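Have a look at the structure below before the remarks.
Read from first to last, the chains carry the letters A, B, C, D, E, F, G and H; within each, the first residue is number 1.
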Amino acid sequence: MSVTEMFSHIQGFLSADQDIREDIRKVVQMLEQTAREILTVLQSVHQPSGFKEIPSKCARARELFCTVRTTIADLKTKFPMEQYYRFHEHWRFVLQRLVFLATFVVYLETEALVIREEVAKILGIEVVREKGFHLDVEDYLAGVLIMASELSRLAVNSVTSGDYTRPLRISNFINELDSGFRLLNLKNDPLRKRYDGLKYDVKKIEEVVYDLSIRGLTKEAETSGGDK
Amino acid sequence: MSVTEMFSHIQGFLSADQDIREDIRKVVQMLEQTAREILTVLQSVHQPSGFKEIPSKCARARELFCTVRTTIADLKTKFPMEQYYRFHEHWRFVLQRLVFLATFVVYLETEALVIREEVAKILGIEVVREKGFHLDVEDYLAGVLIMASELSRLAVNSVTSGDYTRPLRISNFINELDSGFRLLNLKNDPLRKRYDGLKYDVKKIEEVVYDLSIRGLTKEAETSGGDK
Amino acid sequence: MSVTEMFSHIQGFLSADQDIREDIRKVVQMLEQTAREILTVLQSVHQPSGFKEIPSKCARARELFCTVRTTIADLKTKFPMEQYYRFHEHWRFVLQRLVFLATFVVYLETEALVIREEVAKILGIEVVREKGFHLDVEDYLAGVLIMASELSRLAVNSVTSGDYTRPLRISNFINELDSGFRLLNLKNDPLRKRYDGLKYDVKKIEEVVYDLSIRGLTKEAETSGGDK
Amino acid sequence: MSVTEMFSHIQGFLSADQDIREDIRKVVQMLEQTAREILTVLQSVHQPSGFKEIPSKCARARELFCTVRTTIADLKTKFPMEQYYRFHEHWRFVLQRLVFLATFVVYLETEALVIREEVAKILGIEVVREKGFHLDVEDYLAGVLIMASELSRLAVNSVTSGDYTRPLRISNFINELDSGFRLLNLKNDPLRKRYDGLKYDVKKIEEVVYDLSIRGLTKEAETSGGDK
Amino acid sequence: MSVTEMFSHIQGFLSADQDIREDIRKVVQMLEQTAREILTVLQSVHQPSGFKEIPSKCARARELFCTVRTTIADLKTKFPMEQYYRFHEHWRFVLQRLVFLATFVVYLETEALVIREEVAKILGIEVVREKGFHLDVEDYLAGVLIMASELSRLAVNSVTSGDYTRPLRISNFINELDSGFRLLNLKNDPLRKRYDGLKYDVKKIEEVVYDLSIRGLTKEAETSGGDK
Amino acid sequence: MSVTEMFSHIQGFLSADQDIREDIRKVVQMLEQTAREILTVLQSVHQPSGFKEIPSKCARARELFCTVRTTIADLKTKFPMEQYYRFHEHWRFVLQRLVFLATFVVYLETEALVIREEVAKILGIEVVREKGFHLDVEDYLAGVLIMASELSRLAVNSVTSGDYTRPLRISNFINELDSGFRLLNLKNDPLRKRYDGLKYDVKKIEEVVYDLSIRGLTKEAETSGGDK
Amino acid sequence: AQDREASAQSSSPVIAAFKVFQQELDTKHDKHERLVKISRDVTIESKRTIFLLHRVTSVPNAEDILNEAELKLDAVRQKIGQIAEELRGEDIFQFHRAFTGGEPYRSEPSTFPTAIPHGVVRHAEIGGPLKFNCRSKRIQEYVEAASFLHYIRHRSLISLEEINARLVFMKSEKEDSEGPADALQPGGQVLTFQVSPSDYLLGVADLTGELMRMCISSVGNGDIDTPFQLSQFLRQIHDGFSYIGNTGPYEVSKKLHVLRQSLGKVEDACYALRVRGSEIPKHMLADVFSSRTTHMEPEEGVV
Amino acid sequence: AQDREASAQSSSPVIAAFKVFQQELDTKHDKHERLVKISRDVTIESKRTIFLLHRVTSVPNAEDILNEAELKLDAVRQKIGQIAEELRGEDIFQFHRAFTGGEPYRSEPSTFPTAIPHGVVRHAEIGGPLKFNCRSKRIQEYVEAASFLHYIRHRSLISLEEINARLVFMKSEKEDSEGPADALQPGGQVLTFQVSPSDYLLGVADLTGELMRMCISSVGNGDIDTPFQLSQFLRQIHDGFSYIGNTGPYEVSKKLHVLRQSLGKVEDACYALRVRGSEIPKHMLADVFSSRTTHMEPEEGVV
């Protein structure tokens, strides 16, 4: 095989690869579009009137996750499944956003941390690598951290809406999350960097709880919050 | 044609181009000057005493926009219109500043978002590309985002000046803007970067409203603000 | 018009723009592909055996320029012509490469500098801005400077191939080019930077001629080169 | 010695250097691990229930500092002591973290600033450069500043936990620290930047004290705090 | 010790460091001055008349090395020796220049590579790190490589001066050096880069030897060079 | 005076300054244009046929220096003379180019280094600072170094043109220059950097002389060159 | 050391010429070294003054500190006088000479692309050592310190004229080496040092950073008036800079960003004070702080 | 150490979940650490092999060196086998997994702006620790070494298939901890390691730098054939890369510039040989060099 032949041979490989990537990019754009729509639906919880609508908004978000599942099903057809990590970068960002949205929906519904298995189900993907298109621990954790940041915002807006019990519950939840993360032996990777951001969220929520405490609003909350 | 002749010929082209750019630069400098003057006029709204003067300041700014229109009319004469994008970079920056100033004036007057058509009219330019010197969508949006950031500052200073209702209104306005931007499929361009800044403005204003809420100042505001 | 309606409207603009850019990118990729093929054809002149094949290689390159013209014709249909400079960046790079290739082909054929009008004809585009898709002076000059650098390489390889006359002819040609460029009043732009590189090409070729002179090889060349 | 021998000899030197750095990196990783564990132990002081446990937590942290001393003792064996600054960058970051943890433990125990000599003892290192592995002034100060920031957080959480005296004590302590730092002529280096952050910590704590003052909670604190 | 006392104490440390650096800079400037003088003395070997004067020039350079030793002795007093690497950057550059000059002098005297121990002695410093101000392997090698480049120039000028034997001797010497360096496993550091330059020195000298060979001047050299 | 008044006061200063600079820039552009023309005239000496024309070319260049003097006279009127150094940067570059051209003309005429006084006279400016628009030593030296680089090119081209004596004369001249520069105590400034370039010029010329020597062409030169 | 070689070639006119250059350059270098040394002290002492002035927010008797700062600045002015003296022989009318290097046009030639081409690698501009950049930074540092002190004293912005008015020096006596005859010349021996508008502007820009720090400290120390005063003042400066915009020296636009951040921080601080203050009536607020201040005084009084 | 706190909260499902994550992450990290260690050796040994191969131009008996290099590369392949082994349990079909991180799409997301937005500061992508960038650099280093040896032996470019053909491993015996049952599976226990086309390409790009060095050394050692051969070969590779252009991985365009410079240096060397060689007839030229070579041998023969 001459040098020229060898290079056209390689060029063939590269073009095939480019084509796959092009296909993936298109599907990923659709995923981003849907993710933005879900976010818009969920943003209303920050509005004063938004708390009552939580159930209906969550239901609407759940519907949009159907679209997500369909699109991801499409995405799966675009490349050989055993090459998941070869193309991981293309969807990593949007996948983390979707995990955030899924964990946020479930938090709004149940005020609990949704486990990875459940998130995978919502997105219509696997947990175990061997089974196909799956959800990496790292991507799951990244999504959880985005949610933590959204919760610190929610704590602030809850107070604005006159709900003084929610910040306390969020504070407990976030503290638990923080303890959980401190168990992890994070290396100097992007996850570590984002985890460093959690400290600010914790601090912000602590300050909200502080503001409520010093005004005796937590006691009021405890009393009235009991019947929640 | 000898090489020498050809290059003399080319030098003619280059000089002409340089002359045009020189002319454009001069007019753009005048625009920048006027934009700075408008900004100085409008900056006073951040002063404690500034709120009462809003109408007179806006009127003064409107007058200065006459000068803007004259200068832009002059700018249009400096180059063939189909080469708008050839020289776009020269005025892009000042144009975005002017959009910011126009949207800010109108917001102060009406507390509403002024549409692109209206901004174009204030600046004395077109909306449709084909018609000549026009206002690109991207430049319009950039100007709007600069205003959003100015509004977050205004929310803070309103409180300092004892006006507790304005932040609430700004908060609603900014949230609407944010929803609007979420409809857009922004690429990884300067606009996207600037839009990411909007999130911080939203958060900042929410925290102002929070500070007012937890101290019961929003109710006070609602009472006294009712007659506004 | 509500804010939401306005932003949906704007999204329409943005999508249209993105579609145009996507289309342009695809055509430009094809141009790049053809440009690379032409380059591969012409590279062979640096081979020891390559000099004899110059005519056939140039003919082959000329054929490929037909493809270039067809592709550029396609490119022209992708966007409104008065927005040439809006999208200029997309094809500027490949256009300069094509100018280089065209001027190089003509140099190999005639050992003369091809004028801008002629290059435009080879590429199937205009010279005058007003007439549509055209060849900017700056892009033409950039292409010519790339060729100058290729010629300094050719001078070296000519000697390696035992052709001692070509460097002398290249030296004269390059000196003439250099004088031409000295007529231009270049600003501190990319072109100026590239032109500064020409000095090194001139010096390099002078040193080749020097090496031949001091060994008496130029006289040999003059004798044997006389029948060229 | 022949040239060859000499160069083989030199090669030995070069490899040795790389090996040392590799060894250092490993030990530093262990130090980071222990530092994280100490931090987890101390974090509990921010919890409502945490104040009572301070003594036990400090005791636990003190135990972990034994591990730190052992590991640093190991680190010292990895390189010739007079080359401390040759490898300083490797452990600078973790050393500052450890200083923070040591000063924080001692603050929790005694509410006083621990001097550099004492910190050095806790870490099992020297103060004086000449004596070996030592604690640079800059590293000591950096650690102290990290602690100041942790104390501002502690002031906030103290209030939430109903302890109204601690913020006052922290305020006095931090003010004293601030006066101390004002004595230093810091250059525009990382330390100066970190010191600028101290002002915000001072401000935050002062705001807490202010919040307590206007509610008459400081007097309550003075009364009830007397029996401390 | 009060906080204030402690910080005044610390301030003392910080000022002292700046003073040390200032002192070091001054002495290093004197070293650079002397290095330049030595270079001027040695430059004359490139002159046609220079070869006869080598012994006297070397003697003169040796005298100037006395000044170097005195100045370095002064430098040693400016900082505590175990902090060598804390301030290394200040004198690294001039130290490499001095190594070059020392190795060049010895080469001119003996046509042999002077070992590190000997260079250290000429400069009045140590070889072993532990003993104090020493000569790092890397700095020694850098100096040797500068000398290699000077030798390639010397080979050229020897021919101009009619000395046809020296290039051959230099060639052998440089080849030996090159073999030596090949034994080292250099990382991609400044030294590796400098070493890559050695290949060009080898090549240049080899071309000189070649030029002599094809003219039969090496044989002449061997004959007449025998009595050297 | 209010803050606003103070700033418009300062603004007045700044505008006046900008106007002066604008005026200066225009005149400097004309100087650059003339400098380029002189360069074009002198470039011909590198051509094979150029040596005979040296006298006429120098005469032509001398004429163009009249224009230079007129333009500089104009430049002098643009700013208060005692503020020479305030605006120095604007003409420093072109002034150094003009010094190069003046020294080159005189070298071609006399093969000697023209002194600073003489260059100043050619340019119609002063030597002594106190007398007005003058020629700084640094600018003079910078121009001389540009000429040195041009001479190395001339040495190469002389050989091509069959003039074997000129390189030897240039070599002597450059060596003298080099000795001169080595007397200077250059700091780490731009002049030092440019002086470092002189080494390459010296080396290049040495190699040309080497090429002549090894072929016995210098002897030929000495013989035939004696009657020059 | 170079004599020997030099003497061998002393016949050469080139070498002779270069010996003259050597002297001229060395003289310049020496003066340069002296100026660097003096003006380095200007920076250090100005910085120290600023540092000292920050203590004003935390001690009871501000006047002592202001007087100490005044003394320190007197010393700085002495140094600037030395610079003027040093440059006197050089350029009798103007002392801009040594400071023009600090103008932005040197370090950032890109703003004037026509005059100073970039691309030409080997033909880069060559600067004399005397016109270097850092020195005017040092004068800016003095402007920063002087305007800081002025603000604390008078709560207003010092003008360029006021700055320059204090930089008029009588010929110093230590220069007697020049002969006493000089000193006898009637009335002529006044040296002035002119701070350029650009340096003034940049010094004021830096001042805003210090004012922000002072504001934060004031809040931290329970001072409720200063932050509001400062926010007014900073806003005026900010508007002034906005007005000048990009017509000023290049660095201004860079500093404008920092200035905007500082203003934001001060506005946030005022906001926080207002919001917290809203919880009780104003007169009580003052009480709260005054009680706190007395509470702290005993400790600080010792200093 | 963390047990105590953890146990206090062990009732929490969150903590329970995170304990699982902890294990999963630690397992990954450990494997990652092992892989880093092994593959670092791949780099070091490959680099050493290249270094060794350069001596081929200066010693008389090249075969010895080639054999030694072959042995070294065998050791490298052993290491790559260990990597394959290490990844076997992970992903039985493909071993790209650990090496995809080396694809350019991670380090330079700007080439795919749609998928990975830049501006979002806090929402930046989060990567797993296993897919890091440097490892494939290590494989490229192996490609560089293997192709260098191949070129010296065969004066041709090794193909991707030839590279991969030598990266087929039988299951190593040391992994008996997994039980001997595995080993009994008929025919299945072959591990393959696939170098990706991109890594191959980038390794070949680096090879050109080494070839340039070899060319310069050859000229320095009086070898007149090698430079001409090398220039031909390098030109072919250069044309190949020009053909692929910017359709390949991102780093290629960056390396193309260096490749062009290398080619220029080789062409210059050939030119110099030709120009100097022009002064005497060719057969004499060879004589000159052969005499020089013998002249030098005695000294070198000792090595």
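Please note the rule applied: contacts are C-beta pairs under 8 Å (C-beta built on N, C-alpha and C of every residue); 3 or more make two chains touch, one makes a residue touch a chain.
Each chain and its UniProt protein: A, B, C, D, E, F = Translin.
All values reported here derive from a predicted model rather than from experimental measurement.
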Give a one-word verdict, same or different, on whether chain D and chain E use largely identical residue numbers at their interface, taking over half shared as same.
same
As a test of understanding: of all chains, whose mean C-alpha position lies farthest from that of chain C?
D
Between C-H, F-G or D-G, which shows the same interface as E-H, counting it as a repeat when over half of the contact pairs match?
D-G
Return the chain pair with more inter-chain C-beta contacts, choosing between B-C and B-G.
B-C
When the C-alpha atoms of chain A and chain C are each averaged to a single point, how far apart are the two points in Å?
50
In angstrom, rounded to a whole number, how far apart do the mean CA points of chain B and chain E lie?
62
Pull out every residue in chain A that's touching 2 or more other chains.
29, 182, 185
Note: chain H residues in touch with at least two other chains are 2, 5, 114, 117, 239, 243, 247, 279, 303
Given the complex with chain B, which residues does chain G contribute to the contact?
231-232, 235, 238-239, 242-243, 245-247, 264, 267-268, 270-271, 274-275, 278-279
Chain F partner contacts - residues on chain C that touch it in the complex
175, 178-179, 182-183, 185, 203, 206-207, 209-210, 213-214, 218
Would you pull the chain B residues touching chain G in the complex into a rising list?
32-33, 36-37, 39-40, 43, 46-47, 153, 156-157, 159-160, 162, 208, 211-212, 215, 217
Residue ranges of chain H in contact with chain A within the complex
2, 5-6, 9, 12-15, 17-19, 21-22, 24-26, 28-29, 90-91, 93-94, 96-97, 100-101, 103, 105-106, 109, 112, 114-117, 122-129, 131, 156-157, 159-160, 197-198, 200-201, 233, 236-237, 239-241, 243-244, 247-249
Which part of chain A faces chain H closely enough to touch in the complex?
1-4, 6-11, 13-15, 17-18, 21, 25, 28-29, 82-94, 96-97, 112-113, 115-116, 129-130, 136-139, 141-142, 146, 149, 176-177, 179-187, 189-191, 193-194, 197
